[in-house]
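The chains carry the letters A, B, C, D and E, assigned in the order they are written, with residues numbered from 1 in each.
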Amino acid sequence: MVGSPVLLIAIPLLAAFLIPLIGMIWKESVRLIPGLVLAFMLVSSASMLLYVTNNSTIIETIAGWQAPWGINLVFSPLTGFLATLMIFLGFIVWLFSYRFKRNVDFEPAKKYFIFLMMLVAGAVGIVITGDIFNQFVFIEITSISAYALTAFYTGRNSAEASFKYLLMGSLSSSALLIAIAIIYSQLGTLNMADIADKMYLMPTGYKITALIFFFMGIGIEAEIFPLNGWAPDAYTEAPGPIGAAFAGIVVKAGVYAMIRLVFTLFDIPNSMQFLVVIGLVTLIVAETSAIKQDKLKRMLAYSSIGQMGLVFVAFGIGTAEGVFAALFLMLNHAIIKPLLFLSGSYLVFNSKEKKISEVNGLGKHMPITSLLFALGAFAIVGLPPFSGFWSKLSVLTAAANEGMILIIALVLIVSVVEIVYYFRVVNRIYFFEKSDNVVVQKPRINAMIAMLILGSIILVIGFDPDIVSIYLHKASHDLMNTREYIDNVLSIGQSLTK
Amino acid sequence: MEMIYLILVLFLGGAVLTWLLGKISPIIRDILFISSVIIPTVLFFMNVEVGHDVSFQVLGYKLSWGISYLAYLFSYIVLGLGSLASVYAVAAMKGKKNLGFFYSNFILSIMSMMGILLSRDLISFFIFWEIMTWSSYLMVVFRGKDVQKVGIKYFVFSAIGAYAMLMAIVIVNSLTNSLLISDLVSSFGSFSLSMKWLIPLLLLIGFAVKSAMMPLHVWAPGAYSNSPMAFTSMFSGALSKMGVYGMIIVMVSLVSYIPNGFWLKETIAWLGGITAVGGTLWAVAQDDAKKLLAYSSVAQLGYIIVGIGIGTPLAMLSALFMAVMHAIFKGNLFLVVGAIERQTGTSNLTEVSGLIRKMPWTFISALFSIIALAGIPPLGGFVGKWMLYESLIGSNHYLLVIVVFFSSTAAFLYSYKFLFGFFLGQEEKEWSHIKEAPAMMVVPMMILAVATFVLGTFPGLVLNPIDNGLQELGFASTQGRYWEMSALFNEWGNQVMLQPLVYAIIAVFLFFAAFLTIKGFKHTRYVTTKDISSSGEVPKEHENLTFSQNFFQPFLRAVEPFMKRRIDTYYSGIGNGLEAIFDFTRRIYTGNGQTYALYAVIFIVVLLMFKNALFGL
Amino acid sequence: MNNELYEILRYGILGGSILLILIGLYAALTKRSLIKIIIGLSIVDGGIHLLLIGIGYVKNGTAPIFSPGFENSTANMVDPVPQALVLTAIVIGFAVTAVALSLVIRLYRHHNTLEIDEIKNLKW
Amino acid sequence: MTYIILIFFLLVLMVGAAIYSIVQKDLLYAVIATGVISLILSAIFLLLQAPDVALTEAAIGVALTTIIFIITIRNTVRHEDDFKDRNDLKSAIK
Amino acid sequence: MKKLIVILLLAVTGYFMVISFMDLGKDGPVVKNGVKDFYLDKTVSELKVANTITSIVVNFRGFDTLGEVTVLFLAATALGGILYKKRHHVGERSVLFPSSTIVKAGSKLLFPAIILLGVYVFVHGHLSPGGGFQGGTIIATGFLLMLLAYDNFSVSHKVLSYIESFAGIFFVLFGLSGMFMGKTFLENFMPVGNLNDLFSGGIIPIIYILVGFKVAAELTGLIYTVLNEKE
């Protein structure tokens, strides 16, 4: 064994409890320790990912009880891939936000970094846990961190955004609890593999009711259409790096939870069509809402929601190819959207309203940041030779192979809308005159490094997509083979007899 | 390393280095720029041979690069015009800001066009197509003028076209499980009827946008006139030919195999005809030389599309010949306008006049290009047009002949206006300090001017490669060369030259030129526009009395009813309407947290009802 | 307790929990005061906790605690798992409520009102 | 039998308290009614053989949640319909 | 209007919920021997813990509990962050309402008893109803009572934070030490003793006591933060 998945959760928790203590003695530690923890997690998770890609899935039991009885952590190619991605982004966001704003007091800074770390840990927990109630607990950890981070600035609107998020989050946790109650009352178990194993025993009515409540509960985290009203507000009002973390980490965890339900837990074929429909509606509504935005981060938020819609469409195709495409899309979105948020947050750094019109002409004054923003915009609308193109191509190929021509057409039409609003911003950055009252903020060196890392990944994947495709193929294989997942988890203990 | 890789890498590396190292000093930048265009060009013509393909895999898609005869023909246009325009650009753009960015984009667009020509599969074709689109987009917005309108319009239309192509590509992939163009062509016959229509149509939309076919041409005038002229010559000359290139492949290799596909061909031909007429009329109405040339490009591309649409070997021959010629003379004309704009600061025909004595070399190259454009022998434009008429009549498209003939006659109007407006007429005082453009600009223009003459005189130089390309596409040659079928070569010329005709015309031409020059020197009295005193009204200082003012007013009044309905306004109507709708949809997000919660409850109720409907309780 | 009585009891508990959930939702969806909305959400939470406990209940059940001498009498014990889940859920619910109320205090500080219809600076 | 009647009585009481708490305009009373709901819930949990949960619900639901609500009300407004005026809880309780 | 729509929607929801939930758990789960029987069995036979809920909360589903105390910790931290103001009036706490002498005296009398009850509850968590959460909340209510009764009663934030952090750290460390002893995270590595002894159940009572401390400290701190919020 190369590492232990439980450390991915335990170490950040330990650090979270430790930081207030050490912070009393050495103030800088509150900023440094989360970074060290995230770096440790990154190394550990990456090495485990390499291991599971070539060998078998790592399954870790907790408290010594085997699969259906105790909680277990599953580090498979799929979960490992997503966990590594999230931790990587967490690290990038940490690197970026290290001393992001200089005049922040000690207490808020401490809290910011604790919450950031717990956000990552919670999201990783959502992904690698093998137990639905445990997943619920991790969703709550992530959500509370997210509420707190959204309300981080003491401005007028951040509390409002956070409150909306919390309102929806409470509904989400209620729905999840109801769903868990139904599942438990019928199957007497909470382990995902065990549930999947016995799902055929459950009466159809209960099964679908439970799925519907799950959809609502997790849909709020995954930002599907009627449930995503909180998202633009939270993205807009949270500090810039946190918008990146939401787009790259929190949503991805929600999407994972959703697909785990649809692909593994429940054996309802119609849920695939549901994913396609809901994904398309999300995509269309969000992208069309984005076009008239006058705030930069809000526009990015809508775009992010739209991309999640596309991810759901890709998952809804239901073939291994579709899953591959969806995961590729998630990967690319998790790299590109944070880059946009991070560079965007420097573009509107000193502005109060964060309006798009305030980025006019900044291309000359902050060349690298602007260039990275433009790179992100080019990549996210799917222009070759950047990474976004390959994922869009795989989605379309997968859809075409299933004969979903109408869906391809819709997705492409929406892409044109996307092009319009992204290019309007890029044009503003480069070809407009800067207004005099905009104060330019040079990025700090660590922020620059963080953005450059993301930018170079876009280029590398763009020129050679095959360096990630092996992980994606393994992961999609992992998601498609429900039986293998069940056997992997349950084989270490004996399955409960029926 | 494979030569093809090396060429593309050299282009790409050149683009990056020009940008990065260009910040050090302008000289390094200029040298890097020119050498990274010229060196791969030389390497290409020395080393790349037709029929040698390389292939590799990306993400499970098999990609293949190599060059065909047809593509080789187009690579003459791209690399030839590219090299000349790059030399021109160094002189023309001197002293402008952000030149590193401009140059690297220039190289990128040349690279992408070469990539398109080198692609033997649809994915890499699309990739290079998109790179071409965004690099040319960056050129359109380079001067920062009207970027939100013109630039976005260009990109949106390009994206619509590109996405139509992409859709066709993924459908092809799902049907044939391969992306090689050769596989598409070979298995096209086995597709279902709907797919046989859908795939060529989608591909044609993509190509039609780039080749500015009506009704997808609306981006072209703005985009052509907004980018720096050194690039516009590439844009109009070479970049739009990529659409033509794709269109030829689709029309010949795919559309021919559609049952009842001739309807599509007819439609395309007629759309081409309408494009030609519309472009010409609009060009006549323009006062800005850039806009005039832009509309003229649209019109000329219309002729080419007519030829492609007719689809007989002779028509194809004429279309390809016109494509080459158009690249040369239109590329040159844009360079001329660039030179004039650089020297005088304006490109408006009503403001500048009488430059013939100030910029004689520019005038001569403009004259050659205009003559070629108007289709007067012995310059190149004539051969293409002749063959077009011949093929139209040969395939019984008499109505289309009339349309094309009308438009090419009307083309005289704007040709004349262009030449007259800039070079002839009175010399204004304010232009008295104007000097000839620097040699680095004049030489490329003169080379192109000579090229129009050479190709007009020796059309075989181009017709032979064209013939190779056509044979490769499947027009199996039975009796030697196709172009020998043309009366032009049967009756009056041998196989390479149009000797007697040509010599006669050259003699007449030279004689008249000499005569006019000598006569002109003797009797000319130089006056300015303000130097008139008819009916006792002395014109005011700022009154614009240039001849080019309201040049063809009677004619325009006659055709006004046709020109009133601009397609552009429909498109902007659609755009504005959509934005209004989108503005409405975002009101779903009311901002009230409670409403969002209500949505969640509605969501669950709807799903529960669905569940009841689908599965029972 | 015989079977009919047990049925009635179960229906009562489930019905009560559903009523509680609906009442809470009604408050959360219609009341304009932020505090009322949060009250509604905590009532919903209570209903769900009752639902979970109700699911775990068995006829004539005893608490899942072994007293000395009765170590082997697991037959009639109520299901301990939902109880453990509810234990967790209560604490989490409290945590969320506390965060929500602190947000209410902050909103009041900025907006000087608790009306949810007026707190929509962020929209569209 | 008494057991069931007791539970039903508590359930009815609980639903009544819930309705009261959402109808009542005075937020203080509404909050206290919420506390009452928790108290009754805790009793029902006890009757349903869940002593641990009952204990937790009693401590958290009745005491802590209620007090946090009351503090919030004191910091904001007391009446549901008057959104603007800051009331004075001290004088109300006296 | 809005109310009508909501009532209609809720009526539909209620209808569906009634028809879907009414038979929930009617005949028990479709799967007869779920995890519950295993838990009931192993609690006595292997863990030697009398209270099954304790064994589930601390051992079988101990990871949930770790997450749960984290949620509380985060909520307490978040509260401080959300209500954070630059200038703090330390030691100046607003009075909820002035309390009479009877209340003050009664509180003083009750306080030790409540604390004692709380400690009892979480120390005997593995034997009788109750445990860390319950005991912790009871202790917090005791502090709450004192805070309400006495204007000048104050709790040191530092001490609370020490307790909180150390309890959390030891919780995780206990879990990890299971791993270092060649077992799994949070697995029992101590002798289990006899059923119904105070010292039984291996690490379960220890962890539950830690949870008790942590919950008590967090809840007290949380209340204290909110109480300190000046109008």
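Methods note: a residue touches a chain if its C-beta (ideal position, glycine included) is under 8 Å from a C-beta of that chain, and two chains touch if they have at least 3 such contacts.
Keep in mind the model is a prediction, meaning the values are calculated, not measured.
**Q** With chain D excluded and the rest untouched, write the groups of chains still joined, or say one piece.
**A** In the absence of chain D, as far as touching goes, the chains form one piece.
**Q** What's the overlap between the neighbours of chain A and those of chain B?
**A** Expected: C, E.
**Q** Where the centre of all protein Cα atoms falls, which chain's Cα centre is nearest to that point?
**A** Most central by this criterion: A.
**Q** Centre to centre, using CA atoms, which chain is the farthest one from chain C?
**A** Chain B.
**Q** Using C-alpha centroids, which chain lies at the maximum separation from chain A?
**A** Comparing chain centres, B lies farthest from chain A.
**Q** Counting in whole Å, what is the centre-to-centre distance of chain D and chain E, each centre being its mean C-alpha position?
**A** Roughly 20 Å separates the two chain centres.
**Q** How far is the middle of chain B from the middle of chain E, if each middle is the mean of its Cα atoms, in Å?
**A** Chain B and chain E have C-alpha centres separated by 74 Å.
**Q** Using mean C-alpha positions as chain centres, tell me how far chain A is from chain E in Å, no decimals.
**A** From the centre of chain A to the centre of chain E is 30 Å.
**Q** Using CA atom averages as chain centres, what separation in Å is found between chain A and chain D?
**A** Between these chains, centre-to-centre, one finds 38 Å.
**Q** What residues in chain C touch two or more of the other chains?
**A** 15, 19, 21, 25-26, 28-30, 32, 37, 51, 54-57, 63-65, 81, 83, 87-88, 91-92, 94-96, 98-99, 101-106, 119-122, 124
**Q** Which residue numbers or ranges of chain B touch two or more of the other chains?
**A** Correct list: 586, 589-591, 593-594, 597-598, 601-602, 604, 608, 617.
**Q** Quick one: which residues in chain A touch 2 or more of the other chains?
**A** 133, 137, 140, 144, 147-148, 151, 159, 162-164, 167, 171, 181, 184-185, 190, 205, 209, 232-233, 289, 292-293
**Q** All pairs of touching chains, please: list them by chain label.
**A** The complete list of chain pairs in contact reads A-B, A-C, A-E, B-C, B-E, C-D, C-E, D-E.
**Q** Any idea which chain B residues touch chain A in the complex?
**A** 57-60, 123, 126-128, 130-131, 133-134, 137, 141, 144, 147-148, 151-152, 155-156, 159-160, 163-164, 166-167, 170-171, 173-174, 579, 581-583, 585-586, 588-591, 593-597, 599-600, 602-604, 607-608, 611, 614-617
**Q** Under the touch definition given earlier, write down the residues of chain E that touch chain B in their complex.
**A** For this pair, the touching residues of chain E are 5-6, 9-10, 12-13, 16, 19-20.
**Q** Any idea which chain E residues touch chain D in the complex?
**A** So the residues of chain E touching chain D come out as 51, 53-54, 95-98, 121, 129-131, 133-134, 137-138, 140-141, 144, 148, 219, 222-223, 226-227, 229, 231.
**Q** Considering the complex alone, what residue numbers of chain C touch chain D?
**A** 1, 5, 8-9, 12-13, 15-16, 19-20, 23-24, 26-27, 31-33, 35-36, 38-40, 42-43, 46, 49-50, 53-54, 56-57, 61-65, 78, 83, 86-87, 90-91, 94, 97-98, 101-102, 104-105, 108, 112-115, 118
**Q** Using the touch definition from the top, list the residues of chain C that touch chain A in their complex.
**A** Per the stated touch rule, the residues are 21, 28, 34, 37, 41, 44-45, 48, 51-52, 55, 81-82, 85, 88-89, 92-93, 95-96, 99-100, 103-104, 106-107, 110-111, 119-122, 124.
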